[in-house]
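Two complexes are shown next, each including subunit A; its partner changes from subunit B in the first to subunit C in the second.
Moving on, here comes the complex of A and B:
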């Protein structure tokens, strides 16, 4: 995992941590739930420092009361509208992530 | 050619037909001409598409400059998929009429709900209108 190769002292912000975390998940299938209650399933193509997300091969998971997405295969989602990013449990080392986040939070406090 | 490999960039989406979902629920479709770091967009030959049920109507809007904070998502329109759409295009007047009745029904339901909550001393704030940056 990419996180293992980045020493915690090199990351100055908690945001950098999650940027690295998402970078390590590129290529995996995720479900992004937005603040407007729209849920989109797709393959994580890329992420940026604002946690904007690009997904490929998307499908709207909930009943298609969002018909406008039918002709869209790839999309760019602004980071500020994301509520959740759902990932399969076996793709994430939660222990490592928790430790990293805790260390970052403590570093930020100082 | 990717200018910053691995990062989510809109550079490759320039000059392609896109669907933009706005925070107020509107759907814009146009050619993406310009972007910046805030996801401010310039759309060309923009059309506002209104969806009601299986019908939709397009209102031509010309050139749009969208402030990034209002963008929910930007989707590249696959022209093949678009030609196989099951949706039925109707005239602007018809879709606006359909939308009006849909909004009315929604408002009445919302009103009944907030009244019921008010009677119990509760209220629900709207989350999707916050921008935390």
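Moving on, here comes the complex of A and C:
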């Protein structure tokens, strides 16, 4: 898995950490839950510095309630409206991520 | 790596706005804050009692703050949709 090595973490802000984290997840299947309660499942195509997310091959997790996206195959989700990004546990090294985030938080404090 | 909207330019897109509306149009332009230019746009109003109502809007600029999702519409699937028979609750507003 590609994650910033901890020695690089001094140069980056916390936002770069999660940007890099998401970049390492490109190609994986995720479920994005939005702040309007819509949940969209799809393959992570790309992410940018604002954590805007592009998903391909999408499906809405509850298509009966939300037929609004029936003719949409790919979508762009504005980072500011994401509530959660659900990932399978085996795609993430939680220990490494936790350590890196803790280090970043300490840098930011100083 | 950038998630530019360039690949959606001149395509038919469905915009979900932060107040829960859905606007379909041709994406003509965008910027870094996701301000959008939509041509030939119309709003699709979903209702649990009636079929989908389409309200013609024309050329619109949508401010990026109000954009939640931009979906690339597959024209083939979309023309096969029977909008008159779709019943759905309107989407919720985005709550930060």
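Note that in this section the second predicted complex is superposed on the first by the 101 of 110 C-alpha atoms of A that agree within 3 Å, B and C clash if a C-alpha of one lies under 4 Å from a C-alpha of the other, contacts with A are read in each partner's own complex, and residues count from 1 in each chain.
Everything below uses one rule, namely that a residue touches a chain if its C-beta (ideal position, glycine included) is under 8 Å from a C-beta of that chain, and two chains touch if they have at least 3 such contacts.
It should be emphasised that the depicted structure is a prediction, and the values quoted were computed from it without experimental measurement.
Undergrad: Clash or fit: how do subunit B and subunit C relate after the overlay on subunit A?
TA: clash
Undergrad: Applying the document's definition of touch, where does A:69 land relative to subunit B and subunit C: first, second, both, or neither?
TA: both
Undergrad: Touch check for A:17: first (subunit B), second (subunit C), both, or neither?
TA: neither
Undergrad: Quick check on the superposed pair: does A:100 touch subunit B, subunit C, both, or neither? Answer first, second, both or neither.
TA: neither
Undergrad: Taking the superposition as given, does A:30 touch the first partner, subunit B, the second, subunit C, both, or neither?
TA: Neither partner.
Undergrad: Between subunit B and subunit C, whom does A:60 touch in the aligned arrangement: first, second, both, or neither?
TA: neither
Undergrad: In the superposed arrangement, does A:81 touch subunit B (first), subunit C (second), both or neither?
TA: In the superposed model, A:81 contacts both subunit B and subunit C.
Undergrad: Is there a shared patch on subunit A that both subunit B and subunit C touch, and which residues make it up?
TA: 23, 26, 34-38, 40, 45-48, 52-54, 58, 67-78, 80-81.
Undergrad: List the residues on subunit B that touch subunit A in their complex, please.
TA: Residues of subunit B touching subunit A: 6-10, 13, 19, 21, 23, 25, 27, 39, 49, 51, 54, 56, 68-69, 71-79, 81-82, 85-87, 127-128, 130-133.
Undergrad: If we count contacts the way the header does, which residues on subunit A are in touch with subunit B in the complex?
TA: That would be residues 23, 26, 34-38, 40, 45-50, 52-54, 58, 67-78, 80-81, 83 of subunit A.
Undergrad: Under the stated contact criterion, what part of subunit C meets subunit A in this complex?
TA: On the subunit C side, the touching residues are 1-5, 8, 14, 16, 18, 20, 22, 34, 44, 46, 64, 67-75, 77-78, 81, 86, 88-89, 91-96.
Undergrad: Help me check something: in the complex, which residues belonging to subunit A touch subunit C?
TA: Its residues touching subunit C are 23, 26, 34-38, 40, 45-48, 52-54, 58, 65-78, 80-81.
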